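The structure under discussion is supplied below as structure tokens; questions concerning it will follow.
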Amino acid sequence: MAENALQAGLLADHFRRVRARSEDLCEPLAIEDYGVQPIEDASPPKWHLAHTTWFFETFLLTPYLDGYRAFDEAFAYLFNSYYNGVGEQFPRPLRGTLSRPTVDEVMAYRRHVDEGIEELLDREGNGRAEVVSRVVLGLHHEQQHQELLVTDLKVNLGLNPLRPAYRDVPAGVHAAALDVPLEMRSQVGGLVEMGRDESGGTDFHEFMFDNEGPRHRVYLDDFDLANRPITNAEYLEFIDEGGYREPLLWLSEGWSWLQTFDIGAPMYWRRDRSGGWMEYRLSGGEAALDPHSPVTHVSYFEADAFARWTGMRLPTEVEWETVASRRRGVDRDGFVDAQRFHPRPSSTCAASDSSDEVIHQLFGDCWEWTQSAYSPYPGYRPIEGALGEYNGKFMASQQVLRGGSCATPADHIRATYRNFFYPKDRWQFTGIRLAKDAASRTRT
Amino acid sequence: MAENALQAGLLADHFRRVRARSEDLCEPLAIEDYGVQPIEDASPPKWHLAHTTWFFETFLLTPYLDGYRAFDEAFAYLFNSYYNGVGEQFPRPLRGTLSRPTVDEVMAYRRHVDEGIEELLDREGNGRAEVVSRVVLGLHHEQQHQELLVTDLKVNLGLNPLRPAYRDVPAGVHAAALDVPLEMRSQVGGLVEMGRDESGGTDFHEFMFDNEGPRHRVYLDDFDLANRPITNAEYLEFIDEGGYREPLLWLSEGWSWLQTFDIGAPMYWRRDRSGGWMEYRLSGGEAALDPHSPVTHVSYFEADAFARWTGMRLPTEVEWETVASRRRGVDRDGFVDAQRFHPRPSSTCAASDSSDEVIHQLFGDCWEWTQSAYSPYPGYRPIEGALGEYNGKFMASQQVLRGGSCATPADHIRATYRNFFYPKDRWQFTGIRLAKDAASRTRT
Amino acid sequence: MAENALQAGLLADHFRRVRARSEDLCEPLAIEDYGVQPIEDASPPKWHLAHTTWFFETFLLTPYLDGYRAFDEAFAYLFNSYYNGVGEQFPRPLRGTLSRPTVDEVMAYRRHVDEGIEELLDREGNGRAEVVSRVVLGLHHEQQHQELLVTDLKVNLGLNPLRPAYRDVPAGVHAAALDVPLEMRSQVGGLVEMGRDESGGTDFHEFMFDNEGPRHRVYLDDFDLANRPITNAEYLEFIDEGGYREPLLWLSEGWSWLQTFDIGAPMYWRRDRSGGWMEYRLSGGEAALDPHSPVTHVSYFEADAFARWTGMRLPTEVEWETVASRRRGVDRDGFVDAQRFHPRPSSTCAASDSSDEVIHQLFGDCWEWTQSAYSPYPGYRPIEGALGEYNGKFMASQQVLRGGSCATPADHIRATYRNFFYPKDRWQFTGIRLAKDAASRTRT
Amino acid sequence: MAENALQAGLLADHFRRVRARSEDLCEPLAIEDYGVQPIEDASPPKWHLAHTTWFFETFLLTPYLDGYRAFDEAFAYLFNSYYNGVGEQFPRPLRGTLSRPTVDEVMAYRRHVDEGIEELLDREGNGRAEVVSRVVLGLHHEQQHQELLVTDLKVNLGLNPLRPAYRDVPAGVHAAALDVPLEMRSQVGGLVEMGRDESGGTDFHEFMFDNEGPRHRVYLDDFDLANRPITNAEYLEFIDEGGYREPLLWLSEGWSWLQTFDIGAPMYWRRDRSGGWMEYRLSGGEAALDPHSPVTHVSYFEADAFARWTGMRLPTEVEWETVASRRRGVDRDGFVDAQRFHPRPSSTCAASDSSDEVIHQLFGDCWEWTQSAYSPYPGYRPIEGALGEYNGKFMASQQVLRGGSCATPADHIRATYRNFFYPKDRWQFTGIRLAKDAASRTRT
């Protein structure tokens, strides 16, 4: 019981810390910024603040806290995202049309639910393990929405012709970068294991999502993996050599996509009048493209076409995870905690290994598109009930990304973490890491 | 010159009064309410406040005030509505995605432009008549946007599942209404005149839009006009007798429209669980439908189908104007000045004539759909240049409405005033007044 | 009774002649051509042949011929166009997906119904007047579809990259044309009458559609009307001077339309590689544009913008009809009977008047867009029942055209005839005749 | 050289046989049936006949037959499907709008190209191996279009309210079926190999598509596979128990799909007035659903939801291929050669193994949806040039199907064959075979 109290105390600390982080991220916002939904994919900050609260209310307070009274009955509908098992949802494309509840009311909602959760964590009794497990899930859920809050906000501000700033970034981050030569590192395959088994559900740091398991064997050929992400300068070469005009480089859907939406560069890139490339960053305005920084905000179609153009390919999930699992010492400086809000040039980053196999930025800075479709692992079973909708029902038509980004909380990521987006999506901080077959080393 | 100064002083008074009215209308809003665009047609309040300011800046300060410096260069693009002659426009459907400029910044923009206009009105010199004429135009333009501000806000609040209130309304307005029997009043036709000639362009109260002229002769048969608008109770009978399910009552486009959008009642009506009808009003919540109030928020398709169901028809423009021109003593209580924000039951209204030909609510409460397509009058010429885009370029596919509504400023309306909307539109306070051919009196 | 028999005999002759004409128009077609629907507006020839037959079956054989057995029960649904009063309709956009019934089966359907009608016309008895009246209506209905058959076929063949020919045209039609100088003819207005009263319903040549009446008085100012339609050369000047790029010339909807669909010339015009303009005609291939021929296949938006560019305007319905009613001696050579399938240069046409007020091609060659929205005349009442859907329910959002075209049967047209299409439509043979206010004569 | 001649002779025989099969399949068609495109996915038969011919012309005659003259220059554009490397394509959604070329002209095109190919096969010389290899590819390409020709035609006829027959089927096929009990067969996994290496490119029967290789190792857990496909009766139970109304059974995209398109049963199923289920088959009309036949025309979404409802899942590619590779004696009766055009009840089929591990219909009758997204095998490289667009560029957002169907030519299929469609697609003969984890045997 003493152990439980200790654990509860630690969890309450995590709870307060994670919840506060969401609000800290909103600190630079004007009230007007909280409500905007510039595209269907990008929800308003206010919605993220309320939905993460709804998650705790719906899956913890309502079922577990005796006598709990909902803050507002209508919120069950307004702030449900996609949990059909819970009930109907306010239509996603209309989230930006809700001027009410106001920001103040949403903050009051957060306080109301926070108090309920703290009360719940203080209690002993039946269902305690499930309560703890769900609070941990709710916190990781909130961390995912913290990332979306940042990337959705970037859509809002970046599409506004005024190009407002979100917040200042630490000085000198992008200054004086050197190039790190692109090198392919040989990796040994074989019969490897990937994924995790279900365990540690009640410990914040040992948490895993259901889609990361079960751990299972995969046969893997030897392969090479790039020592760093592709830079803006390298991507610009692809553009300048006509990459967006050569259909043979593109997946069929990608070719249709770029023609339909007249795509010719990553999101947030714009040509200025003299033909130079500018880029919108969360620090505001439009800066000249930094040649040394990793290219970001590319779709899977673009990442895949770029890789084909180089004669290489994107890594698979198992390749990525095999390498990442061997690394030690994650560089926390590439995460949202550092408040840079943009990927760093590789030369400014600590490497993830001290050996001659230096590999930069596997974790943080940019999510890395993999060649792997988002599918269940052998033996995968979603959680029972509505919480089972969390991950499993999206296992069609999406691609896996790995490693986290400059908008991800550092204690949210791990080697087995599977993120997933549609091939066309590019409002996340997504980048490109190359791979190739070991067999092709001699061929090339 | 003394006369000019007097006139300038009066105009400056009007200017301050009309500009202040726009801001007064926003007084009950939360900051969050200023930015929302719930449907493409309904612009955010912040946009209305900025666009009306842009109008003064673009058509007065930039061309006429020497040394004028724009408040923000980007606003020329952001707040242009549809004046192609001036330049490109920020896409209308995205108006609700602009969290910046903030409300405070828009208010500062208003102050900046207000000062410029006052300075301009103080000056003498060339172009003075044009300046005065354009200020008057700008004020009537602003009054039109005041009406839209109210109706667009109603869309925002009325579609929000929380059904928030805009503001309280004077007590007792809808209480204790009696029915005024529906009667058709005989009207004598002949060779009549309608419209106005261009004159009084520099006097606020003598203003006319270009589409109201020239005055011209029209031959008009005798006809009957209803003594009051159709009530909710009468419209409900149409619904209950299957009006929305009988295709022979509907225009072809109207039938497609109601099937595509699954329309079965006026906008803002909803059935409660017991089958009764509720209605959203700007006073908030959902109230039971008042049987005595005029039906409002109907499309032309609905107004036309209802009229056909009664065996009658909607009036033409010339019929409406002929009757309205003979009336004296407009009842100002039906306009936005009275701050009711909803049409009144006819029994609570002063009649527009003292004779036995009492006709209620020709002006105010509800716009009245006419059978007349919005077309140019014989000899119509739009203003030269970009200002000519104000009215003339919309003369296709729309219908004329007459008389103003509870969201219209009282000193904005007149008998010759031509409003126009698409047949499907119903977010304005639109209602139904019946007419019929005199010849059919004996037949029926 | 003898008179009845004579009348019945004449009507049977008309019936055979009109029905045969539909099939004659199809004579040059390959079986493959009968089924194609290139755009939603343009129905397959097979559908026209079947639908006109359905009209006779539905409105005559089923109600009036005792013991009539439907050719195929499913046709009631398949070949109903838009008569909601009769029943559900097969979706219009899918008409081109029906490979069955085959052409042979449709021809057998025609024979089956033709026999029924002839039998019906042979009978005496109750309802005879209604039968005769409906047969006459059915024949004029079939004539309308003959025109659509030609214009819909042109869409099919003209959009096919192979540009096949429909049929050869008489030699020398477009050769050696001279220009007829464009002149404006003064017309005297006043209190005029327009439209027709209901009469002659049982005489094929005295027929009128319900929307042509009642005859009514209209006050009309003096005006000028052009002596001939606008030519390709004149329209080309509008293009060359940037007409399609100057927003101030266009109705707002028109400007959106041309930007959305990237419109820069009339339908069927294409630039060849050397920048010259080619035009698809029903004689096949692509010929150089004939400068002397009337411009055709223009939308109302284009006609209106062109007129504005000249400083003039399009005529109103009443103006057009007033002039047309005074003319004598319609030139039948401009109609489908002449099998030219394209408008003729004015210099090759007989004038419609022998005086110094020569006006060319009021009738035939091209439909002429008017400035008048398609609205009911004062006192208009549609026919009772489903046949009332014929014209009345389209009285919204469309514009009136007058005079018929090279695809119209000559005995189908008259001065009071009102055709109507949407402002964007241009697959009919539509052209431009200018008008202007008499008052502006001195001004200009 | 003698060997070459022999080989060439055999290949010419295959060429004639396969080409003739396409025309045989069209034998029952009316001319009208050749041109129809009922939905964007389903091309007209005429298009299939021309496109397969275009393939031989483009990839063989033009590059390899000296002095070859194109049948019609425009066909290069009209009948290119999706080969961007070759040139622009006539828009796919408009294929049904081309009434020309006529069927006779397309047949003449086929003759013209057939002669060219036979002439080419007679020649010796450089590039011979490539020629042979491309002819073999072209024939397998044509076989794929034979399947599409049948399934596309079924869309045409099946959506026609007249429900016409394509052709009669052998009597008694669906009569007197007995149920085969559904049993799960245990399968042993381990480190297995799947796929094929490139070889046999010049032998018709040894052909493989590039996406079937390279052969590679995969680690596979033990699993169970169903002994036969799911029947209509079993699927009906899923419907009757509310399967289409329970969101927790569905992928998120699938749930949106069924709500958007109001899906509640497999394609071609319709309820009759008494509530019983009818099904359209290519034998015409509408027959009562056969409870014993495999359910077909289901989307991946439906297959996946059904499997989840049973507590099982769909097989992966490697599972399916591992079992299929061990089987001997493919039952040719389930392919298009048998001209049944519908899947057979399992009880009427030979089993694919004689042991106690009887497994019915792995090949033929219905394609079987797998849980595997369509992705490249490790080491996959598409063919160089435009032919590389054949398979590789579709490796996103699609699912793999295995085994062939009643519309597949028997000599076109093999254990390594990978078919792929979008999860929503159901106009192919697609069915459901269940699998489950061996580990779950004891758990369940």
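Labels A, B, C and D are assigned to the chains in the order they are written; within every chain, residues are numbered from 1.
In this section, contacts are C-beta pairs under 8 Å (C-beta built on N, C-alpha and C of every residue); 3 or more make two chains touch, one makes a residue touch a chain.
The structure presented is a predicted model; accordingly, all values stated were derived computationally and were not measured.
Engineer: Chains touching chain A and chain D alike, please list them.
Structural biologist: Per touch definition, common to chain A and chain D: zero chains.
Engineer: If we define chain centres by averaging CA atoms, which chain lands farthest from chain D? Would you check?
Structural biologist: Centroid comparison gives B as the farthest chain from chain D.
Engineer: Rounded to a whole Å, what is the gap between the Cα centroids of chain A and chain C?
Structural biologist: 60
Engineer: Could you please state the distance in Å, as a whole number, between where the Cα atoms of chain A are centred and where those of chain B are centred?
Structural biologist: Taking the average C-alpha coordinate of chain A and of chain B, the gap between them is 48 Å.
Engineer: Can you list every residue of chain B that touches 2 or more other chains, as numbers and ranges?
Structural biologist: Answer for chain B, listing residues that touch two or more other chains: there are none.
Engineer: What are all the touching pairs of chains?
Structural biologist: Chain pairs that touch: A-B, A-D, B-C, C-D.
Engineer: Where on chain D is chain C touching in the complex?
Structural biologist: Checking each residue of chain D against chain C gives 30-38, 46, 72, 74, 77-78, 90, 94, 96-103, 156-157, 159-162, 164.
Engineer: Quick one: which bits of chain D touch chain A in the complex? Just the residue numbers, please.
Structural biologist: 82, 84-85, 191, 216-219, 221, 247-248, 250-255, 300-301, 304, 316, 371-373, 375-376, 378-379, 385-386, 388-389, 393-397, 399, 423, 437, 439-440
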